[in-house]
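Submitted below is the structure of interest, expressed as structure tokens.
So that you can tell them apart, the chains are marked A, B, C and D in the order they are listed, and the count of residues begins at 1 in each.
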């Protein structure tokens, strides 16, 4: 072991989800394996390359970063720093592959598809909401999948999207969610990092309002409202990839991960099952078998989920 | 004057330094209670500084102030106010957005609790009425004419039971009738036992109202308080101006001390009458706007080589007249012709290119940018005459500026200094240096000597006469009838936006005065008083 | 209808408190661009305070103390060190946002949202659907009224305005502009603390990094929009809350037909329209001319 | 001259004071303060390549800040540099997209013109609103920033979206190498030349043309220049347009230089930093250059610090903020100190 492992996260910490879990897993792994680590927040796409270059110059052994936005700098820099191992979580494969770059693709939208199906089954009104941070392509894809899932179950369902304009504005999230719930929407899929907190707070205000969030850390924010998660365990993924990269026989390439691998999962909340309104938790239990079946269908290819990044 | 009385105000060895500048040096003076005292001196002599020291606004570098025999902490306004000293500022200190009532209230002593708009109106209406200030109390300060603003300042200063009232150049902004009303007010205050200290420039005013006079020059006390009964106008002028007194022409000296100037060079008048007019206003009317009475059907003719005076009670369209000539007011009818060209629709830039020059009413707002350097202020006119992207060389401009300012004997350190740091007289000279150039064909001079000391006033007059003698035409708008009569070749009177009469020398003050008040019977009683300022 | 009123009150209240802080500073002659930073300090301190002391009163007192301290720092830098108020204000904003993040990180070892067991006291079920409103929402109209009285109906308010508009005039009646600004900023600190507390504790009960999300700047815009009048600026802030809510409504109604980015732009467009209109009503370009050169003499 | 040196020394003293203050706070919070101070110096100026990096950030900031200075001089508190910067970059990106395949000597200038027009347009409407109806420019330009960010999101995830891979990037297609004016390090003779030209032209405009003198006079007292015959709207609108065009130019440089594309939310604090620079420099062009280099260094150090000193992102914010808080301070104790006992008032 030894050396410097750096995580460059392009979303702010404090999201109770992916970023926070990556940081804590990195800390944990650093403790286990005894390397030095850095968690660097790169907010601005214009600075990614400089940050990576500085890390390369500082002799980082492993650089982990997230999302497609870092693909260009990775492609540009990896060849110049052959001794550094580059890991891109949630990214498309790089063609042609580079020997010191690993890309890991995620299919979060598949989880959203399942959430849409589930929503259409548990919703009493048939009205489903989606709140994203900013209308970016991956989020648009999530919404489209959610909608497709819901319509697959109930062609009369309505799925409404709104964007808070920020990933860090819980008060806005609460305001949007409140309007949605007042409109009769009773199930909201969140997709907005720290803004999620406000959505859950809005759901907590009346019984029967449901939210599907992203991380188990959010259960405690809404024990009676967070009914499910489209879980995205970035932290575990980071843990796995960095552990592999620390081993001797590591090679560059591309991995698909996602539904079925434990990194992305649509899960129902055990807390909700205990504390949530009885009718809803009962209903959730009742329909879960259908969701499992659909998941199988997706994995074996019999269920096709469209991927569409425009709204 | 008896010696047993404790002085109302005593300054002991007061020195004030602003950085390098010594504004007052070792001034010791004391004022007998219950009298009207005048303080005179040239621009920059330290009069305002003296007033501010007395009222606690300026902390003297050394020295002590006693009020009614009690020494007060210097540099504390509240202490001075409690001791009974109130100051009315030279450029009024009332927040422009305040209503009259608010402007009265904000300076009242004590904490004052919560008021309602009604209670405020009632309270201050009463107070203002008791002081004869006629004003709609719910109007905003910025919308009021200067006379009214001054009335409010004085009324504000009198909300406490002031024992010593200092008025810093109160007459500078007033019309003759306004001055007379002010003096009447001051005399009433004196009767009530208030000690009034008036800072004045005009000798005839000093001798007309004050019991004693104190002269400052260059921050030093020259003499005083001297009883006004014991001093002649000539002597006083000499004391104020000092060495420079010798440079004054007899004509100016007479004018300054209040003697009537000789007029009526008929030959010159006849010669002028043959020349084509350089500025003509033909039945000009303007659209009403927020900035003063609109013009109604004004005809005006200005020939090269003459000074045409415009008299009138302030607020009768003089401002609009200037703005109409400058194209800053919208004409609803009529034409303006300048140097033979009709310019009615043309912007000011085009008019200036034809030789129009303006010394505007508001020296510190319209005339100068106080926070800009002298050379920038000075060069604005010329820069605007060329294309905007013309390459200029500031070093050269500053050189020319220095030369021009020297020519006009402006006292300043460097052309990079801010215009706001000049005294009033020097500031006015900067404007003159800019506006009175060899290419000037028509010079509109609006209140050009307001607030200037006697030396500077004489200087302005000389400059305007010199420009006239060069062949320029000058439109002189002034509220000072003496000034108008002394240097104008003709005088027109404005009333309610119309030209109400035209006069030529020798002027009959009674008929000019009658034209100024016109049909307004309510103003007539003031008439005889308008000449009262003149000895 | 109730729902709409509640929603507007909730989103408008934090903004209004901070706007009032901006109003009082503006009248005293300070362009306070530090509002955002002071507000987030209030938000953070309230939540952490509740977590640590388990008492709302203690928490809000701590928040107010810290916000007043931040305001005084701004005052010191502007008034005593003669710094440019705009830059210093922006600096204070950065200090607030960074400082709260660092404090959370230092205390909890992560920047994740920190939740408090309870927030600002609510009206309670006795008030029906209005029961979810916090006491600060209820207090808001009274505070606005109080500020209006203080600024528009007392001699103190007049002197404060004089300090902003014409410091020399203020000095010449014995008011001390520096001290008045200190008082104004301190009062503003208290108001920002309440605004922050309401944002974090009014209905959310947690603190998240950067959760003020520009509300301090919107408050500043409301001050300008409302011409530094306490009631006018309050309505400007309410206007922002209303157009914000309408923007959401537009997304929910037309999101499938019109691009979301355009719909999200509606509040900003409405604001521009509002300011344009109010400028027109106030007399156009002429009235916009300020007393720029009316400096202390 | 003496005054200028004095004011630079004064700023430096207060910057040092701010840094020491931060260091003390961080030391107290358990970070390594001496390492932090060392890393700032390293990151900004000392480590190899640091000067290049500092300049890379400084030059676009300088260009925007000079523009900001122009409108501030003319008396308009135009805080819309960020929006103008974005719209400039967006216009240039559209131009590049439409002209794709054309010869570089056509495409590059066309992009620059498009970028400057974009920035100018984004300044034009607040300018018109201000000058025609007195609409407060502080609010309109602030709103303009929000609108421009939304527009950037829209174009980078809509019309200009890079379709490569699964199309999940909110950014425009990378520019062809032929159209780039620098590599990704962001410093090239072209960019330096542009900055120098802008610097010289703007310096001339401000200090050596009638426009420069009159615009700043108008900024301080519009009434007075009006009485001198100036058309205020002409001066005002030109300053809005110039400042917008310069911000747009900076946006174009970022697009065609270091970034090679525009991405949603890129350089989100560019405009505010530029305003800061302009104000700290007291709106002088030469001063802006000096201060921009200082802030460029700071930007460069801010990217270096978290890596070398292990400081969290929040700490970087705090350092920047503390510097902003104190950099314009002008307490006269500094002068007193410098004059060593000489009396000053």
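Note that in this section a residue touches a chain if its C-beta (ideal position, glycine included) is under 8 Å from a C-beta of that chain, and two chains touch if they have at least 3 such contacts.
Every value quoted in this text rests on a predicted model; they were computed, and no experiment measured them.
Both subunit A and subunit B are touched by C, D.
Work out the mean CA point of subunit B and of subunit C, and you get 45 Å between them.
Once the centre of each chain is set as its mean CA position, subunit B and subunit D turn out to be 47 Å apart. Once the centre of each chain is set as its mean CA position, subunit C and subunit D turn out to be 27 Å apart. As a whole-number value, the distance joining the C-alpha centres of subunit A and subunit D reads 35 Å.
The set of subunit C residues that touch two or more partner chains comprises 101, 111, 259, 261, 264, 286, 293.
Each of residues 12-13, 135, 165 in subunit A touches at least two other chains.
Residue positions 150, 153-154, 158, 220-221, 223, 312-313 of subunit D are each in touch with at least two other chains. Contacting chain pairs (ordered by label): A-C, A-D, B-C, B-D, C-D. Those residues of subunit D that touch subunit B in the complex are listed here as 204-205, 207-211, 213-214, 216-217, 220-221, 223-231, 234-235, 238, 344-345. Partner subunit B is touched in their complex by these residues of subunit C: 149, 153-156, 158-159, 161-162, 165-166, 168-174, 286, 291, 293-295. Note for the complex: subunit D touches subunit A at residues 53, 150, 153-154, 157-158, 161, 164-171, 174, 184, 254, 258-261, 263-269, 300, 303-304, 306-308, 310, 312-313.
Residue ranges of subunit A in contact with subunit C, taken from their complex: 12-16, 20, 23-24, 135, 160-163, 165-166, 168-172, 174-176, 178-180, 182-183, 194, 197-198, 201, 205, 217, 220-221, 311. Those residues of subunit C lying in contact with subunit A across their complex are 3, 7, 10-11, 14, 101, 104, 110-113, 115, 132, 199, 203-206, 208-211, 213, 215, 244-245, 248-249, 251-252, 255-256, 259-261, 264.
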